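Letters A, B, C and D mark the chains as written, and numbering starts fresh at 1 in each.
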Amino acid sequence: MSVSNLLENWAQFRHFHPIDDKPHDPYKWAMSIDLDACTGCNACSVACYAENNLPVVGKEKYQHGHGMHWMRIERYWDEGLGVAGGSDFPDHGAQFLPMMCQQCEAAPCETVCPAAATNHTADGLNSQIYNRCVGSRYCSANCPFKVRYFNWYDYPTTDNVWPAEMNQQLNPDVTVRSKGVMEKCTFCVQRLHAAKGTAKNEGRLVHDGDVQTACQQVCPTGAITFGNLVDHESKVHKQWQSQQVELDKDAQVKDQKEGGSGLRGYRIFEELRPYPSVMYLERVRESAI
Amino acid sequence: MHRLLRLSILLMGLSVAVSGYAADAPQPTLTTEDDLGPQVVQPIEFPHDRHAGLRNPGDPLKGGMEIDCMYCHTYARRSAVAGIPPLQKCIGCHQSIETVRNKPRIQELFKYWDAKKPVPWKKVHDLPDFVRFNHERHIKRFVEQQNRPTQEACGYCHGDVKQMTVARRSKALSMGWCANCHQKDHPVTAAGGTPVGNQAYWYGFQKPVADAAGGEYKAPDTNNIKAQGPNDCWQCHK
Amino acid sequence: MIDSGLDRRDFLKVLGWGGAAVALSGCGNTSVEDGKETVVSYVEAADYVIPGIGVYYNSTCAQCDAGCSINGRVREGRVLKLEGNPASAINRGRTCGLGQAGVQHHYNPDRVREPLLRHGDKNEVITWDKAYALIAEKLSGAKGDEVAFLSGGVSGHLKVLLGNYLDSIGSKNHFVYEALAPAVVRAANKKAYGVEMPRYNINKAKVVLSFGADFLGAWVSPVHFSQQYAQFRKGVDGQRGVLIQVESKMTLTGANADRWIPVRPGTEGILALGIINALGTASGDIAAAVKGYDRARVSKETGVPPGQIDKIAALLKLRSPSLVLAGSAAEGYAHGSQNAAAINLLNQVLGNVGKTVEASTSVPFPQMAPAKGNTVALKSLNDGLAAGKYKVLFCYAANPVFTAPGAMKFKDHLAKAGFKVAFAHYLDETALQADLVLPLDSALEDWGTQVPEYMTEGAQINIQQPLMEKLHANTRGMGDILLALVKQRRAEEYKSFDDYYAYLRGAMLLNKNALGGSGADDDTFWNETLTKGIVKLAGSAGTLSGKASAAGLTLPVPSAADVQYPLQLIPGVTASLRDGRHANQPWLQESPDPLTTIVWDSWVEIHPKKAAELHITEGDIVEVTSRSGSIRAQAYLFPGIHPDAISVPLGRGHEALGRYAKGYGANPFQILDAVFDQETGELAMHETRVKVSKTGQRVVVVKDEGAAGGKQMGRKIAVLVTTDEVDLSKEA
Amino acid sequence: MEKDTNESAAWTKRENESPIPKHERRASEKDIRESIAWAKINQDVLKSMETPRKLYWVILFFAFAAFSVGVGCEVYQYQNGMGVSNKNNPHAWGLYISTFIFWIGMSHSGTLLSAILHLMHADWRKPIFRFAEALTTFSLMTAGLFVMVHLGRLWQFYYSVPYPDERGLWPNFQSPLLWDAMAIFTYLSSSILFLYIGMIPDLAICRDHLHEGWRKNLYTWLSLGWEGTDRQWRNFRVTYLTIACFLIPLAVSVHSIVAADFAMSQQPGWHVTSFPAYFVAGALYSGCSAIITLFIILRYVFKFEEYMTLPILKKTVRLTFAIAMIWTYLNAVEFASVWYSHDQASKDVLIQKVIGPFAPFWWGMIFCGSVVPLTLAFKRFQTNIPVLFVVSLLLNLGMWLERWMIVAPTFSHGYYPWTWDHDQWPGFVQWGMVFASFGWFTMLFMGFCKVFPSVSMYEVKEMVYHRKLHLKKSETAEQGAH
């Protein structure tokens, strides 16, 4: 690649508001997660292990913070729990939040990687190229969600990670990561590419429902919706639209309405302007009880 | 100005100029005839030239048989992975070709068949594990959509196999080599090719601007678009 | 999915990408190479098998008894991932985490691979012929009633075959044991509704009042209920469903409740009666029965504030239909039946029967209907073993040495059995006590049929079929083993069946018309059946009988504090580990417990207030002592538990089973007292009283939760709104 | 020459005669004695380069042993993965990066003394700038090692180097880490050049004092045929000045860019506008205190009392004090700007530093960095060598803690509370590497002292000459006044 090519590509790759000057077209993968439907059962997390060849690091390494769950379920208690004036019991249950890479449009991780191992793709994903990664971990340092996981050890050669037979389960479509590289949720890019390939062969675009992420597919309550935000017929687009959440806004218009909008859609850390591609729907609690 | 200073300025200028030129120059193509991979020893010395090579009108027993690549390598057009033809395929023809039945290679072949054991072929075009080349997409594009001859399309990466006996890598298959091709502008309506859908646009990372007014998503004018191969790292590295 | 007429057997023969030559992606070469790697081709390949393209087969998940249909992705002869089968009314394409881990059961490195004859602690590898001969020899020396067969819940053709085998021996001693079955609720349901397990329509209810039924986690058919729950939350007539959970230890369902009510352990029934009283709609003997349960008394006995009882009653009155569920927290006491009856009574008073509680459909083949497991079976087996009644004991799909309460001394009694045969996937605690261990195929390489206990729409028979070739040459399917054993005794009758597959196919084809295949030829019917993985049957729709009555309802006043053992032990049932049979699947071990986020270990949940009283902090190793024994585990301060109770999760603390299970955590089964439900005789799981003492040791609790605990520190991360702030009708 | 020697002898004699002679009192306030003989300068400095004593080898051995610990740790880490250093998610960086900043900061002193003060014609820098410049070079080399050690895939480090490669890929020019690498490399190469060019006249002296051996060849080769002709001197001065001018913005940019590693990120506690200034001040600060430490050591070991005089030390100390106060001020500015910013996340980080698990280290930093330097304000401590030695070490400890307090708390208390982690304590591999870096630095520095003149002979001569001229002038003026 020549220098002129570099500069040209630069302008293409490195833009902040993909919607403004360069619309995502024809694909912008996005997700919405209904926290009111999410029960915190962890099925998505296990499905992610199965689909994406995530290593099981074992107790000791987990204790050292080396767990590799791309999809992690967080459990929050109400702020009033256990503090003076609050209740001693979680009277309203807990709040669960599935947290994975938010595939930010202006991803903080992308700008800081020295080797350009993490980039924005044309369909709005935050790609992570394992074989380009030098392991500076700067992306993780700069990720507000801390959803990037580093291969602290060489898991493929570690005892009891994938012992004989267990390694036959590994998904051949997904690279098994060796030590020293960063990894994170990819929105199951291997499935996306397979679906895109099929669609291209048939001379069409990927239809809504053609492709599901592993977490979406497994979710017993169907809390996860995934699809193409550009496609106006897609469920995810309709959800974003009905929740009045827009991809390239750092403060949603609906939130500025007097007395609230009555809508539940929000994105985490919008104010930091990473423009995440995952919309969450607030958990609802009955006010009558 | 002092000599030393002048000299150093000269040297610096020169190095800037040279490195600038080097950096801006197109990368040398690494795909000359000389860039051959090592000769691979296979369990059976498979003569590609005999199967796929051109017919010899004078002596049909000497020339090739012009068998299409995809007759044996059928998986390539249906899957990302080309695979190796099942043994069944070889036997399918060879059980009825009595003329060569007693040749040592064929006997070897039948030994495997009788034992119901696969032939342990060595992989000749072995990409690194983190690279995913999609055979299907390339064949769809070049052979099915653009009507290029199979041997030409396959030959982009595999070289002129019809002249080889045991296949040997003759292209670099390095990333720069792949990217070189992906960066070339291929007119979508190339000879014989038909634009399918708005495929032009899937090839490029050049994104046509959507209709600004309606916000509605519009297929670009394919006639003026030159497609490139996808230029997104995740295309091959997943 | 296959639509071609190719026989599955043929397919399996050609399958196999050269056996062991499986390339791991990514950890091999990192540059372009030539001629180093071997690429193994198929010898013969079916048309639909294309390298690099996944083939999908339907089967049935065997991780629990819910009977979810699964769809396995197979590539190059290896099963890679299980998804739900969308055609199944039970799971509609979804699975749970436990189901996902099914592949790890299949590929588990610790599976038993050869028939083993055990001499003390030593294993001798023997052939199958020798093993069968040994069984025949031992059986010949035993009378019919000296032979016992212990199994987990079985159904389908396996149950039929097993019945025939026991019949051929002349034994009636089939003990169906499930450690965590809702057996008391079944009995109470039978009384109240006339069926053991009615169909609950959570999705049709506007309010669900659940007394410890963890229907989102581990209760009956969680994947199905989760889907109903999602609909329930979306609402009937635009009204979002309200979930109220009453239990002493927060379960996953409790964590998702709109209102979680920590009730004093064992007083669930009293609260139910209190609510009936507060409703004021009951009449007749019910009104009389609940008369004494005014809010002051109920509040005093249950610890639930009086206002709360009124609020619940008001909401139940306002929003109808509702649904009241009695779960394991209610049934786990000596008066568990009474609790369950009181709760069912509430359902009846509310008029939910027939609306949200419906009769389930029964399978037209009663011989295939599931043999439901319970703990009475364990008790009677244990008694029999103690008396030295059995010369030969078979054990299949149960691990009683691990799951029997310590007070039963099952392991000691087991030693009295003359010859113990364990059909096992792993060398678990029970298999280690056996004399003969016979290795089983995994659920992903075995044939079978299954009839789920809890059926949703109509009746169905689930098909279980191999998703790939056997991993280990010397494992056998349970059906094949039973067939071989039954042939020893009734060779003539079964001679036409080469193997269990043939038996299964024959049996299914025999009833082709009843199974919806009338008109189709045998092969078509069979292939279609396999393709679908489910046989849907019309079944006969049952009716609910039984009417509301408070007769015989007596609920004990909660006993005064036990000074010596002041705390109630609640064995926690987690969605992923259940009774511990799958503890050797590392995904499950590393999947954080949803509520505590702890991995790879057991813990003792203590309410922070109680912990402060006992000077216990997180990470203290505490000793939990009951009358039957003691265990040690790390303390975790957990607000979702009644201060008078502690909870230790079940499933961990294995002394065997495999590398991922052995030595991780503690096993609370060991310290359970042998207290039984007065009516049904089921083990009262929650009726063990314990004391907790610090040992002085401390560990760092290995959990996902960070140092901030469950706090968001004022950041907008997981956001909460109340129904009055949100307009759900605007949503797409 | 001979006359000079005599004069010098006379000085000594006179000193011996009177307990506190007039000149001596004046001399103690002088940066250097004007009457010091040039030959003595040569002799003293060259003496320092003679065959080392036994103790030298012992210390060198220990330094090497310390370095070997690091090599061992690195081999272990290289083979097993970064996990052995006990880092985790979220603590992705740990001591490697904080110690890296520490060493980069250390490097600023040399530039300050040799380039900035050179341009400002502060000639008291002359006897001490050489070793300070060496300090710069070697601490940069040490810092560079940490960049390497830090990488998860050291063997692929060249992916972050811009060069036209076959893949057609470039590194990400947006990444501060890339700027960092470039800035450090530029600074290092310029520093080496500066150190070397400034040494040419001295190397010629070394060459001329030797008759044979590898040293002779080395100096001959390195001194580039220096004859001391007028033209050579003229060219030399132009070159030296040019590089000095070039080096100053580089030095400032290097630490600004290191600051940018943090300031350009989005994390609470890092995303601070004042970071570049803060980092540069901190860098000069740690550099100066390192100079004091080395000053004292060299003065003692090589008996350089004549050149590394107490007045020079006093000036250095005062400079250090001034920088300490600037640093303290910038610290206060940073805290204040966080505190009044309404940025809850940044505040949380600050609170964690002040009263959270990092409090001991944070207060240690404040104590060492802001309280301890107050001793330097007292005149009697300004020349008290034992006190200064201890203080200078404490200051550097404070600066090391400062760097750790920049890196670690933000990792443990980032935006996302779920991943907060208090209990992260660097593993032995990290400590080993930090320990080794001191060994590595000591090795390099000790080697330098024995191979190259650690005091600039020609500049000291110049200084003496200038002072003498000045003295003569003032004496003449005095006489004229009479």
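As a convention for this text, a residue touches a chain if its C-beta (ideal position, glycine included) is under 8 Å from a C-beta of that chain, and two chains touch if they have at least 3 such contacts.
Since the structure is predicted, the reported quantities are computational estimates derived from the model, not experimental observations.
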Larger contact count among A-D and C-D belongs to A-D
Taking each chain's centre as the mean of its Cα atoms, which chain lies farthest from subunit D? C
Measuring centre to centre with CA averages, how many angstrom lie between subunit A and subunit D? 45
From the mean C-alpha coordinate of subunit C to that of subunit D, what's the distance rounded to whole Å? 67
Chain centre separation (subunit A, subunit C; CA means) in Å: 31
Whole-Å distance, subunit B centre to subunit C centre, using C-alpha means? 52
Could you list which residues of subunit B touch at least two other chains? 23, 27, 80, 128-130, 174, 179, 183
Multi-chain contact sites of subunit D, meaning residues that touch two or more partners: 168-169, 415-416, 418-419, 421
Interface hub residues of subunit A, defined as touching at least two other chains: 1, 5, 67, 72, 74, 130-132, 173-176, 269
Per the contact definition, I'd like the list of subunit A residues that touch subunit B in the complex. 1-5, 9, 12, 22-26, 119, 121-123, 125, 127, 129-132, 173-176, 186, 189-190, 193, 196-197, 200-201, 203-205, 230-232
Using the touch definition up top, name the residues of subunit D that touch subunit C in the complex. 344-345, 348, 412, 415-423
Note: in the complex, subunit A contacts subunit C through residues 35-37, 39-43, 45-47, 49-51, 53, 56-59, 62-63, 67, 69, 72-79, 81-82, 88-97, 130-131, 156-157, 160, 162-178, 214, 217-223, 235, 238-239, 241-243, 260, 262-264, 266, 268-269, 280-289
Along subunit D, where are the residues that touch subunit A in the complex? 80-84, 86-93, 150-154, 156-157, 159-160, 168-178, 181, 261, 264-267, 411, 414-416, 418-419, 421, 424
For the complex, which residues does subunit B have touching subunit A? 20, 23-27, 80, 128-130, 132, 134, 136-137, 140, 179, 183, 196-199, 201-202, 205-210, 216-217, 231-235, 237-238
